[in-house]
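Letters A, B, C and D mark the chains in the order given here, with residues in each chain numbered from 1 onward.
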Amino acid sequence: MTKDTLYNYTLHLADNALILAQRNSEWCGHGPVLEQDIAITNISLDLIGQARSLYQYAAEVFNKKEGREATEDSLAYLRDVREFKNCLLVEQPNGDWAQTILRQFFFSTYQYGLYQQLQQSTDATLAAIAEKSLKEVTYHVRWSSEWVIRLGDGTAESHDRLENALDELWMFTGELFTPAGYELDALKAGFGVELTALKAAWEQKVNEIFAEATLPDAASRAGVWMQTGGKEGVHSEQLGFILAELQYMQRAYPGAEW
Amino acid sequence: MTKDTLYNYTLHLADNALILAQRNSEWCGHGPVLEQDIAITNISLDLIGQARSLYQYAAEVFNKKEGREATEDSLAYLRDVREFKNCLLVEQPNGDWAQTILRQFFFSTYQYGLYQQLQQSTDATLAAIAEKSLKEVTYHVRWSSEWVIRLGDGTAESHDRLENALDELWMFTGELFTPAGYELDALKAGFGVELTALKAAWEQKVNEIFAEATLPDAASRAGVWMQTGGKEGVHSEQLGFILAELQYMQRAYPGAEW
Amino acid sequence: MSVQELEKIFLDKIEQEIKIEPKDWMPDAYRKTLVRQISQHAHSEIVGMLPEGNWISRAPSLKRKAILLAKVQDEAGHGLYLYSATETLGTTREQTIVDLHSGKAKYSSIFNYPTLTWADIGAIGWLVDGAAILNQVMLCRTSYGPYARAMVRICKEESFHQRQGFDILMALSKGTPEQRDMCQDAINRWWWPSLMMFGPHDSESTNSEQSTKWKIKRMSNDELRQKFVDMIAEQVKVLNMTLPDPNLKWNEQTSHYDFGEINWAEFWNVVKGNGPCNKQRLDARRKAWDEGAWVREAASVYAAKRKAREEKKEEKQIA
Amino acid sequence: MSVQELEKIFLDKIEQEIKIEPKDWMPDAYRKTLVRQISQHAHSEIVGMLPEGNWISRAPSLKRKAILLAKVQDEAGHGLYLYSATETLGTTREQTIVDLHSGKAKYSSIFNYPTLTWADIGAIGWLVDGAAILNQVMLCRTSYGPYARAMVRICKEESFHQRQGFDILMALSKGTPEQRDMCQDAINRWWWPSLMMFGPHDSESTNSEQSTKWKIKRMSNDELRQKFVDMIAEQVKVLNMTLPDPNLKWNEQTSHYDFGEINWAEFWNVVKGNGPCNKQRLDARRKAWDEGAWVREAASVYAAKRKAREEKKEEKQIA
């Protein structure tokens, strides 16, 4: 079972990175300020880089096991919606700048804790990818934190928009810390991460930044029901449309090299 | 050459109907009033019906010539953007209700004149499809005319929005009457329609409805440059995204029966 | 006449299976119950357009696209009939819609689940419409005339929809391995929510008793649910698929299928607003309504202008 | 010093190839020409992000997606350098952008053509960036210091982009028949517009003469164009593709390629605003700017708040 677990676990990490990169890249050429257009594109690029490393590794694991020819591109471009294992948060629409920022802040703060732990993974490849990515993620956390503060403590409008983004996104944060089957198995097998243990640090960071942003703390949303399902392939209706664009060329021209 | 001409000409008619149907169907479930949600969906359904008859005929023509197995679905779902022959008008975004209405009014008024002539086509199948469709199109013209009047002579806001729609769409009306190569060939071969001859009647109808809608007449836009290219496969950037959704399933599951 | 006398006439009619009509006297609670139930039913049709509408642009063949589009359109039509029935009880469509958007009025919770694959369109037709039909067939004989008549029209179309849904799944079940997986997966996801459509157990159902007395309802939730299970458990065999319930088993003694316990916590949670798509569905409806405001206003201003012009013309002709 | 003296110093510097710097005296017309040209160049980078950005979500492999994204990002960076160069001449970025949105300022007309297939991304890299580079290499030696220095940075990245574009087409040219068709089709559509990028014939070019005197430009439109044709006519052979010009032919006598006449009516028409995408491009830029207004405002209000707080803190510390 370990091979399957490793494959699924790695795909999950890769899908998170790819789908968020795809979402963020929708801003490229349409950002509110040129400098920020560049910044959000940078984050996209970092995430695509992570996704590529992870897909390559997943393909390696798969090919060893099945003797078939998976590649980073076959994994990204030739699985349908039920096979994608990303969490619901990353597939949510960009909305306005506040929503994009808050999504990034939530995700990067989670990814920071995750990769910190994953550095100690018994799987050397995952540990190496985590270590390499951590520097990028540290920057993503800082950049998005600064924007959360700026919008929260900026104008009345920016504050309202951030609160609205919170209403949209908070319900997708619980899934980050709710392990899917393969995450539990990965933990047992020794290469995964104890997700529930990451939650406290995540909330602390969120509260710290929210305080500066003059937003109510996480406890004020304790009653919100948390949506789950994405990690097990039960997504929102958004993902199908993301994939229709993402995968069009590979689907339309099967077997072609680009 | 006649077989190619007939094939291309029929595809062009089919593509027009399909792409406009696809656009209109985006309103289904999101219309401004329930009755109009139903009405615009009806028009979509009529257009899909026309598209199916035309694709079936195009497939028949193709298969006779090539001895291959084209079907209505292979023609609709397995050609890429440069092979689509619809005019630019029908692929334009829905925009607001005013833009959708005006697009429909321009197109249906054109289609009305076209199908009236096509009833006399020497090609019996095209003549029959035109005759059968004309009743539907007559209704589309009436419905969209009424809405143009209602919006133009409604509130200041609806009038402004209609004028804005005119700014968006007028530049795509010239192509309707600018024959593509296969249209000229079809005319020579006896089964096509003299497009330039349709223009006067179209403008008269537009002016008549615009007068009631308190909009300036067509002459006031005489200086506007007319965009062309769609009929020859040089589309706007819109069409690729339409096809990515439209064709996803057939591309992702090649050869499957639905 | 005194209220007591009026109430007696009303109850006699119910007793004798004479339909109650809009102009008849009726108890306030009867009117209220009906407004609540019919508008909830209307909203279900309208919100129900969204999950299926999600696949219109991606339907896998032109034929399926046309069928799906026509189906979703029928649902809009059903919404119209039902809003009209509500209006006969003195509640305008606008008010009813405002109540939906504010969250005061409910709609069937099943539409708070996402449609993830094309097979979901088949499963909705087969299971969701299948469950709806059982309820609706019963309502064709409901005591309030306009509601019963709306139901007769709706039932005809709805059974057509169910066959179309089954037909989609049938094609998948005969298809490639991927298609068969897609089919089974959709059945797995939609089965339990479909069972929940019949509402809580009779023992937990607060409104049922009075509704039954007034012959608004004529069968209990559990009776309808059992009928549904018996029907689907047979049909699923034709598809060569299974239902995701290890406890599903034919019971010789009862001549019914036994089946497992529903996850009522999930049911109530979704009713409360916590389903995967509750927010998305309401947001979509509100957006359509808000963005349509200027259109509705233009239409009504134009209608008034036109009426005024016509009256002026008539005055002139008279003068 | 009198204007005549200042002008003499200025012209001497130009003569001696000493760069003009922001604080130096310069003729108003020189400043104006530079502002017009640099801001037009900046806008071309920014508007140029749109046609390529159109394929980011659909890039056919992860590697190509990353390369494309990085390329479009580089263009944003080039825009920044150039807006900064304009600012050294006393025109703010905001004012420059307002002029773009009002239609007063221009950008390269090439970006008013649509990107219809993936091959267009290759063709833009190879042909459009290829044409741009020739111009930019020349501008690395332009007389205004900040502009010349911005160009040096840009040129490095741009030649990288051209190679990437060629690489995309190379992959297509070795691919399936559909890919080869796609490649040839893109070359056919982008070839003539690329030639137009160098501007009108020298005989028709109104600004050129003065710009050459001031050493803003150092080669004429036609000279640059010829250089481009000579370069591409060779490279296209490596792709096993053709250029869509029946008159293209090596001329032994001139040691250059002869080529057909450009459709100048089309050129001027697109400049005037009638290209396939002029409206779409400006609408997209305006939309991004308008929808970003609240973000920019929030950032500046926050910065002010923060500054005030820090000043207060400092005051306290001093007191």
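Quick notes
One rule holds for everything that comes next: a residue touches a chain if its C-beta (ideal position, glycine included) is under 8 Å from a C-beta of that chain, and two chains touch if they have at least 3 such contacts.
Being a predicted model, the structure only gives us computed values, none of them experimental.
The minimum number of touch steps linking chain C to chain D comes to 2. Common neighbours of chain B and chain D (chains touching each): A. Counting C-beta pairs in contact across A-D and across A-C gives the higher total for A-D. Each chain gets a centre from the mean of its Cα atoms; the one farthest from the centre of chain C is D. Here the spacing of chain A and chain B, counted between their Cα centres, is 42 Å.
The centroid of the Cα atoms in chain B and the matching centroid in chain C are 35 Å apart.
Multi-chain contact residues of chain B (touching two or more other chains): 80, 240, 244-245, 248.
Shared interface positions of chain D, defined as residues touching 2 or more other chains, are 58. Interchain contacts give a graph that is no line, ring or star and is not complete, per the touch definition above. Contacting chain pairs in the structure are A-B, A-C, A-D, B-C, B-D.
Residues of chain B touching chain C in their complex: 18, 22, 25-26, 28-38, 41-42, 44-45, 48-49, 51-52, 55, 72-73, 76-77, 96-97, 149-151, 153-155, 157-158, 161, 245-246, 248-250, 253, 255-258. Chain C makes touch with chain A in their complex at residues 51, 54, 58, 114-117, 182, 185, 189, 269, 273-274, 276-277, 279-280. By the touch criterion given at the top, residues 80, 240-241, 243-245, 247-248, 251-252, 254 of chain B touch chain A in their complex. The touching residues of chain C, when paired with chain B in their complex, are 46, 49-50, 53, 56-66, 69-70, 72-73, 76-77, 79-80, 83, 118, 168, 171-172, 174-176, 178-179, 284, 287-288, 291-299, 301-302, 305.
In the complex of the two chains, the chain B residues touching chain D come out as 80-82, 168, 171, 225, 227, 229, 234-237, 239-240, 244.
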